[in-house]
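Presented sequentially are two complexes of subunit A, the first with subunit B as partner and the second with subunit C.
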Partner chain A sequence: MTVAAAPARRAPHPYAAPLTGIASLVVFLFAIEAIIRIGWISQFIVPPPSEIAASFGRLVQEEHIVRRFFYTVGECLTAGVMITVCGIAIGVLMHRFRLLQQACETWVAALASAPFVLAYPLFMVIFGRNVWAIIMMGFISGLPPVILKTIEGISGTRRVLVNVGRSFNLTGTQQVWKILFPAALPTIFVGVRLGLVFALINIVGTEFLINYGGLGQLIEDLAERYDLAGTYAAIGFVILVSVVFFMALEKVERWLRPVD
Partner chain B sequence: MAETGRLTAHRAAPLIAPVTLLRILLLLTLLLVWEGLARSGWLYRDVVPSLLRIGAALYDLLSRGDYYFNLGVTAGEIGFALLIGGTSGIVIGLVLGANRFLAKAYEPVLYYLGPTPKIIFFPVMIMWFGLGSESKVALGTLSCFFPVALSVAAGMRQIDKVLIRVGRSFRAGTLQMVTKIYLPAMRHPIINGVRLGFGFALIGTLLAETKLSNKGIGFLIINAYSTFDMPRMYANLIVLFVLAIGANALIGRFGGLGSIRRT
Partner chain C sequence: MAAAPDDAILKADGISVRFDTPEGAVIAVDDVSFTVRPGEFLSVIGPSGCGKSTLFNVIGGLLTHHAGVVSVAGETIAGPHQAIGMVFQEESTFPWRNVTDNVAFPLELTGMAKQQRIERARHFIKMVGLDGFEKRYPGELSGGMRQRVSLARTLASEPKILLMDEPFAALDEQTRLLLGDKVLQIQQTLKQTTLLITHNITEAVQMSDRILVMTYRPGKVKRIVDIDLPRPRTSEIVGSEAFGRYVAQIWSDLREEASRGMQDEEQAVLLEDGAS
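Our next item is the complex of A and B:
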């Protein structure tokens, strides 16, 4: 007696899943367009996707979205440089003075989960309603992960590397710059990436809340003018910028990660 | 046998551990610097109010009945946001975690949309849900949904395959698999996701209140800023931070996170 073999299940094509995701999005947009055109959803609440797409040109020409984009990028970069320099310096300092690390590491970890963005009125009082209030919001929210990951990275340096440094009679500073820092760099970058993500979220959020600056202010402006298509398009643009930003940071992180 | 004497000399333990001492010193330094700045006159008046005035504002805040009304409004909004966003996050997370194809198709969308600043959706929420509490709940829900869904989906993939095979060998139905196998095995990621979701719901709801509202803690904060009553603003922020950290710890404790970690 022969038993018919069960037909083997074919593995789906590697692009099938991503294409399904994209196709679903396209179908969803067409469905929304149709529903709005029929009148089931008021176009005074949700503008048709075709109108939103068409308003991108207007955002570029009349609302100077590109200039605003670079304004926000400038704020992020300034906050990013401050986060990196201060975060790494504080992390190295805390690692060097073990008592300081034991006393403060849990505080820094608690700060990492604190809802700093809610203190934006405080920053407006201290720095005024200007670009520095926005940058400092990004800086404060992005600093804790860099400090924590710097400590983690340096503490995780392989013992043999530290011993090599000692056998060459390296000074404390040389040990940090020649051995500990390069070995900890991939972990530190994870912290910098997280810090930049937090900074971007808080910077755009603060721009929107205080109605000042680049992309966040543009959304607020357009909403105040009840420019629905423009508001949706600007939100879409910010999402696009965020996604590209996160993807780029991930690529750099993968590039820095050592091959085991 | 000759007396060898004590092998180890017992050093008297310090009255206060060095770490605790350093913490106290750091805190005292911080408070002294603050008070010094408040009295120096280097900054605009009231930007850094004295600790006594902040303490008085804190006492005044906590002894007023309308504060608790506003606290109740915000707590209700956050609770609803957590309920709606958390439940939908768990359902979507279970679906994505159970099906690899769906996860590949849709999880990247959640993954990249998750960290985008949700407050920018607030104008849309106002158009959809109006100026009342509904728009705040909606923003809180949106903020809470992503971390819960991603955490549950990741947790589902980490379930021990043996447990799933045991469930299947008992011919458990889909609902039984979810309630008897998946959910108990995923307690840890679900609680972690809910904790994260709570934090995001809190931020989303309160930011929405600071932007456009006439009640709630967010409104009190922005109202204190608008009237330049800095001690009251600091008092509001202190209470808020303490409540947020306390609620986060409570979710972990009542969710049994400690017992899970010990096993």
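Our next item is the complex of A and C:
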């Protein structure tokens, strides 16, 4: 009897996933364009993607969106570094001192869902109407997920890895930096990603509310002028900030932990 | 029991461990004493629940709340000791380090220069037969290969005593026999004093000079059997008549204990059912 061999499953091309992602986006934009042109969605609420794309040149030349983009990227980067350094340090401390963890973990979790952006007047009183008020809003809102995920990652480290460290007589600090931290890294990165999302939302939101800074201020200006195409294009740039950070984080994670 | 010869490198004297549980105190290990001579391969065998792993943790210094004394070359130990290198039952390689960096881990702790520790690590990688895989990460290796990385990492710390807790328990029988060959080869090359905790009779007889048989809970020393099989050994020895006799002898010792363990488990399930 002849048995047909099962076809071997080929590994996808390295560019297959990003190209599929871009193609899906293009198809989605064409579908939105068609729906708006047909009239199912009003052009006065959502401008067609072609109009949004056409506004990019104007935004670059007249509104200096590239400079504003880098302004917001700078704020996010500063807040991101702060939430990573402080979040991991606080998470490690809370894991180390069990009483502190038991006393504060619920509060930190509750803070993660707090709408910090509404507290912008307080931040303006403390820091003034400047870039630090915006960065601190991002920092405070992005901190809780990093703390919580650091605790979760360290607590979830397999017991046997800790025992390997103990069998080699590691000191407490060595245990943290050579075993617990690298073992918890994938979970910590989930926290950093979430923290950056929260920080970005709050940074752009604060820029919008206090009419200061980068993309948030531009969105506010464009919305005031009822420049819908420009507003959506600027929102597109906010998404671009998020994409840039996610890609950079992925690179850093792969560098720190090449294979899971 | 067991008068300690003066040349013993490892001595366990009157080890007892008690755990307090909601159902009451459980004596896991009860007055266990034995010695291991330099270069000797001693296996501790017993049914599940006899306290083998507890004994492993006590000797490795990971469990300190016990009665009795563990000493290495006359020095009483009260925690992990650099003379004892541990290989764990569970997969214990560091997934974020490649094979070389995993094996070089203990050398890194000593502050050895990078180039020197890489060379040293390569020596032990070759010893466990993983040359060619130096740059691979544990996630890219099979279970047996990962256990060999763990073994190489422990050997790299050059311990006086190699302490292994069922290192091949999760592997299939064929891989287990072949890795047993590898361990024997290394042990014979390095004249490495080895203490193996296992529940596998074949593995114990294949590798050991002596086998300590433990009773079911509380874990006590039931008998110590000398394995008088020629060395160097390989897995081919499992087909010999003498090997079969040792396996039968140890099984007859263990059978009663394993049956007790099984009855105990059944009783516990019935009690649990009754309670609910």
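Here, the second predicted complex is superposed on the first by the 175 of 260 C-alpha atoms of A that agree within 3 Å, B and C clash if a C-alpha of one lies under 4 Å from a C-alpha of the other, contacts with A are read in each partner's own complex, and residues count from 1 in each chain.
In this section, contacts are C-beta pairs under 8 Å (C-beta built on N, C-alpha and C of every residue); 3 or more make two chains touch, one makes a residue touch a chain.
A quick note: this is a predicted structure, and the numbers were derived from the prediction, not measured.
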Please indicate which partner A:174 is in contact with in the superposed arrangement: first for subunit B, second for subunit C, both, or neither. second
Counting only touches as set out at the top, which of subunit B and subunit C does A:161 meet: first, second, both, neither? second
Given the superposition on chain A, which partner contacts more residues in subunit A: subunit B or subunit C? B
With both complexes overlaid on chain A, does A:12 touch subunit B (first), subunit C (second), both or neither? first
Output check: A:99 vs subunit B and subunit C. Expected answer is one of first, second, both, neither. What do you get? first
Answer with first, second, both or neither: which of subunit B and subunit C does A:231 touch in the superposed model? first
So in the superposed three-chain picture, is A:256 touching just subunit B, just subunit C, both, or none of them (first/second/both/neither)? second
For A:208, using the defined touch cut-off, is the partner it touches subunit B, subunit C, both, or neither? Pick first, second, both or neither. first
Touching residues on subunit C, where the partner in the complex is subunit A: 60-62, 79-80, 82, 84-86, 88, 90-92, 94-96, 98, 105-106, 109, 137-140, 157
Quick one: which bits of subunit B touch subunit A in the complex? Just the residue numbers, please. 18-19, 22-23, 26, 47, 101-102, 104-106, 108-109, 112-113, 115-117, 119-124, 126-128, 199, 202-203, 206-207, 210-211, 218, 221-222, 224-225, 228, 230, 233-234, 237, 240-241, 244-245, 248
Touching subunit C in the complex: which residues of subunit A? 158, 160-161, 163-164, 166-170, 174, 178-179, 182-183, 185, 256-260
Contacting residues of subunit A [partner subunit B, same complex]: 12, 16-18, 20-21, 24-25, 45-46, 99-100, 102-104, 110, 113-115, 117-122, 124-126, 197, 200-202, 204-205, 208-209, 216, 219-220, 222-223, 228, 231-232, 235, 238-239, 242-243, 246-247
